[in-house]
């Protein structure tokens, strides 16, 4: 089944819903649920961001402002409800309200920033991002500086005993919204606007000559993206019951860019993949290495250079083959295994080397002892350095041998798939 | 990071569902240390971990707590992110840890306080205790005070009050210029400075009061230098930290201004290292700390400091880490069990020997430690010089004077809710 | 003190005239602006020729500072002033050759993403090699003396040397661009990038040299500025965005624009602090009073407390109103 | 017959260079009008002015009763004027079907709708199919446009241009770079689709021009030096001298 066919099939969405539903059974601990909630939020934000980058071709360095400002609004609203300043609004529907707040901001900011695409848009988004970040630090009464503001999601009536006090309940809230938002965003890609959004991305000049105001299309895309980002931001605020300036700053904007691009901008599933993977990696990688930011950066740059379609792009590269005959994929298995094994060997060497350098320059104790792959080693000793270098060199040599092999098999299989189609 | 830690971590992640593991007598008492161990300021977190491990080792060498159980620090990386801090508390709870320790970053601290409050209310049989060793926002022990939170560091008001007291004693200080960062911490430093200078140093005139955009955004401090000069200030009082103080000091020194710096955080080893001792001396850098390891009245602790210096090639800086651990050990022994509520009650009102023959008290009203503070000045003429990263910087800290615990006992607005 | 409205009260008390403050802001702004120019000149060259807004430009500034720190520890400041930029330039050229060139075919957005990731990687690599803390890269003692004193502030020989160097760079670049054959090709490429290839020049190679050269210029900024601003892994991310602002305001393909925008930003941030204009009256126009908490925050805002955000505001306004910048001949 | 498109004293300068130097031209409803002229005469620029891509320096452009001088391209398009491009200008990442459908959407009232399924609109689908049939690309509908052979891309270009149902169609060198048989195919296509429409075509291939056009205008250095029937143009001395030279048919 093709990518489009796949998502048009209700079965896939039901499986997605099922996954969201069943996650708390194996992952019921507070920490695991918190990661799972974070994933759903990341999925919504990444999909919203991809409406801009993937669908609309607009690269933003400041999109987190729509995420964060909705979060600030939400916490304030929770607190106002607690104080009785504002009328009661069901907590489970707050994401809608937060989304609308971001949408209004999106209308205003989009009005000036979407007049042009490309670098101009990127720079304006950077400017707005920096200004809003600065404001969160300066206007203390609303944003409360770097400490941010806290709220309690346990307010108001308790329909069916749902208080959102427990982690599971709030996870399901986030999961439900994630599902709804994903369906909505997928549906939007199948509308006239969705199609024209792609048209404006690919060829803005031509789009004008079929009657579309490209600025209006970008503006609308920007506004809708802001709306969904606002939903994500609200969920974030509800899950963590806190927002701080790190929800609006450039690091958050950069991070969602990483997620979307690593996952793949070209397909609807890409950002979902990126969001889940990166959220998971950030929560576990930091336990094993201090240099995880570096590995992140390297993965990102590698993908920009060699796989601009992202991970999803790599997967859907095989679409013509499995559409033709899934059995053909079997012939790619062992070359892929070989290629992957060589990469792994090379990585073991290179990562080992990098970890040692990292430790060497960041070790303030002067003892230069560390644990690498389960071995306690001294960095004064040349042996580990040499071993890692040798492993790395062997890996690279294997890569040189195996990559052409992978390419050769890939072309063969593709060729055969094409032949069969033409017959 | 060692293998046993990794293994535990894996186990912890796997067994996350079984949150409360039965405690064996031999099983260590684990403290979850939630600090940045990755990202731009990981060095601070890692140094904190070293220091806690060192302090814990001393307790363990004496035989541990609760009749032979060792204390173990479990590092939990929050990457200096508020949300990750709460996540790590959850993880600690999943791992069966009942006490978390944190200090770097007020935003992380407030999240932990709020989360621990909510968690303990929602899960009264699985409570958690939070020991704060460095987050200084005064509100944490005023409006935001919590039974589950204990602060072992002086708060902003106490530090500023200490500096103001000393400035009042210093006849050279006549015109003071305030420079602070334009965010919550900087603004509360600014307010406290205005308040305590008016109260404790009446002869001093505040001739300038600036807020700057924080966190390294200001590259060029020359215009501020010009304003300091123009205002005829002889002293700068600043709560700036990181690049915001490094650049300020460098700019003032390079302009040859003859002013002295009273700082909250100018003495941080990384800052001193980056500013360079020339510039540090040029601005007569002063700092406020809970004590000075070099001082004679700490003779009893000198072996402790020396062995730290031997091991890590740097001078012991944050003594509060030592007494956080020591007081915790004393409290858990007094409580007789690893139970957060019992430990908290044991900590309330606990005393501990401090510098200059004074005792420190954990005030039960707000869980803010009450302690004397020492004001010291950067100097070349010191018996023991400051060592950092194995390097003798050629300077040290010389105690100018100290401010008694009584002088720093400030009223609290805390209305403590006890379980 | 009626005459002191808008002027920094502190300076006013001293009886310093408005003109003096102005002169003073101008001079200090010039000093800072010329440092910005060293970065922006390289960036504007790269941006104009290749269309690549090099997000990692400030990273080369940082590399320059770290290289200079190492080299000056070993053999002194003067060799560092030569070798550190050279090293950064070579690294830049290699990155162009083996990285950016691969991405070129995917378009400008991919290039922007590449440099964005690159900035991240360089920052982390610097942390890997030099650690996360500040490095004590200090002003060379041979120039660490007071050259002159003005309005009670000492100006060290080093700051004057920085100023002269950057003026020298401007003059040299100007000469290079207008008086030499290479310069003419570059100038042609600035205004008509597609023409140069048609004239039979090896465009990829020109790109590689341009990128390397631009990175080298940024590194000179790092060598000279690292010891004033502090040498730490965050220095790139702190300075980077400001440099974009400069070249966007200055305009594409205009070295003069980059110069003027650098000085403008330098003076603006200086004057915003020196005059410290309160925004209270401005917000009062819109009926904001200090009665509410937010109103109080707004009313208490002064130009000094937001000085470093002003450039972004100007950049956004500039992009909206005049996307080609002050002196540019093409849109961004 | 009534005038559909009128240009009055149209001028365009790029800096100091005058590209269009006072063009007056009237195109009647239903006619097939060719514009010829040497390279650099300003033919494409003229199109860019009419279609709103470039700003006019002075002069007026009228489309039926509307003054469309310096209106934006999409507005002009909505008033019923559509154009093609000399360099193929399609949506490369989309399929042939999607390309044509992009041309259809606005005219079928879909506008910026983000709440209706595009596939659910039967009229849009039907209209797209019709266009695909008429440009003979129906069997290639699923192929990404960038993978089409050149001649098919040119046909698609025309398909997108006429998809919106505009009754004034401007084609810019529709046969450029094509072989004889391909040219013949495109000419037939143009003839077919231009029924009941007003057609303006810029073309270098004189056989095509004289085959198709009811009237021909000759643009030389930004000025119309003649505007007449093909026969009269063939006999026009000024045209021969200024532009056609001796290698004229």
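Order of writing sets the labels: A, B, C and D. Residues in every chain begin at 1.
Just so it is clear, contacts are C-beta pairs under 8 Å (C-beta built on N, C-alpha and C of every residue); 3 or more make two chains touch, one makes a residue touch a chain.
Bear in mind that the values here come from a model prediction, so they are computed numbers and not experimental data.
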item	value
Shortest chain-hopping distance from chain A out to chain C	1
Nearest-to-centre chain - CA centroid comparison	A
Chain at maximum distance from chain D, centres defined as averaged CA atoms	B
Intercentroid distance (Cα basis), chain C paired with chain B, Å	36
Whole-Å separation of chain centres (CA-atom averages), chain B against chain D	74
Whole-Å gap separating chain A and chain D, where each centre is the average of the chain's CA atoms	44
For chain A, residues contacting two or more additional chains	134, 138, 140, 291, 293, 362
Touching two or more other chains - residues of chain B	42-43, 182, 213, 217, 389
Multi-chain contact sites of chain C, meaning residues that touch two or more partners	127, 131-132, 305-306, 308-309
Contact pairs between chains, per stated definition	A-B, A-C, A-D, B-C
In the complex, chain A residues that touch chain B	27-32, 34-35, 38, 134, 137-138, 140, 144-148, 150, 152, 165-167, 236, 240-242, 244, 246, 282-284, 286-293, 362, 364-366, 371, 374, 376
Chain B partner contacts - residues on chain C that touch it in the complex	8, 10-11, 13-14, 16, 24-25, 28, 31-32, 127, 131-136, 138-139, 146, 149, 151-156, 158-159, 228-235, 238-239, 242, 266, 269-271, 273-274, 276, 304-309
Residue ranges of chain D touching chain A (in the complex, touch as defined)	51-53, 72-74, 77-78, 82-83, 85, 89-94, 98, 101-103, 105-107, 110-119, 121, 124, 160-161, 163-164
Chain B - residues contacting chain A, complex	1-3, 6, 9, 13, 16-17, 19, 37-39, 42-43, 46-47, 50, 77, 79, 81-83, 86-87, 90-91, 93-94, 105-107, 110-111, 114-115, 118, 122, 137, 182-185, 187, 213-214, 217, 311-314, 389-390
Chain D partner contacts - residues on chain A that touch it in the complex	187-188, 190-196, 198-199, 202-203, 205-214, 216-217, 220, 224
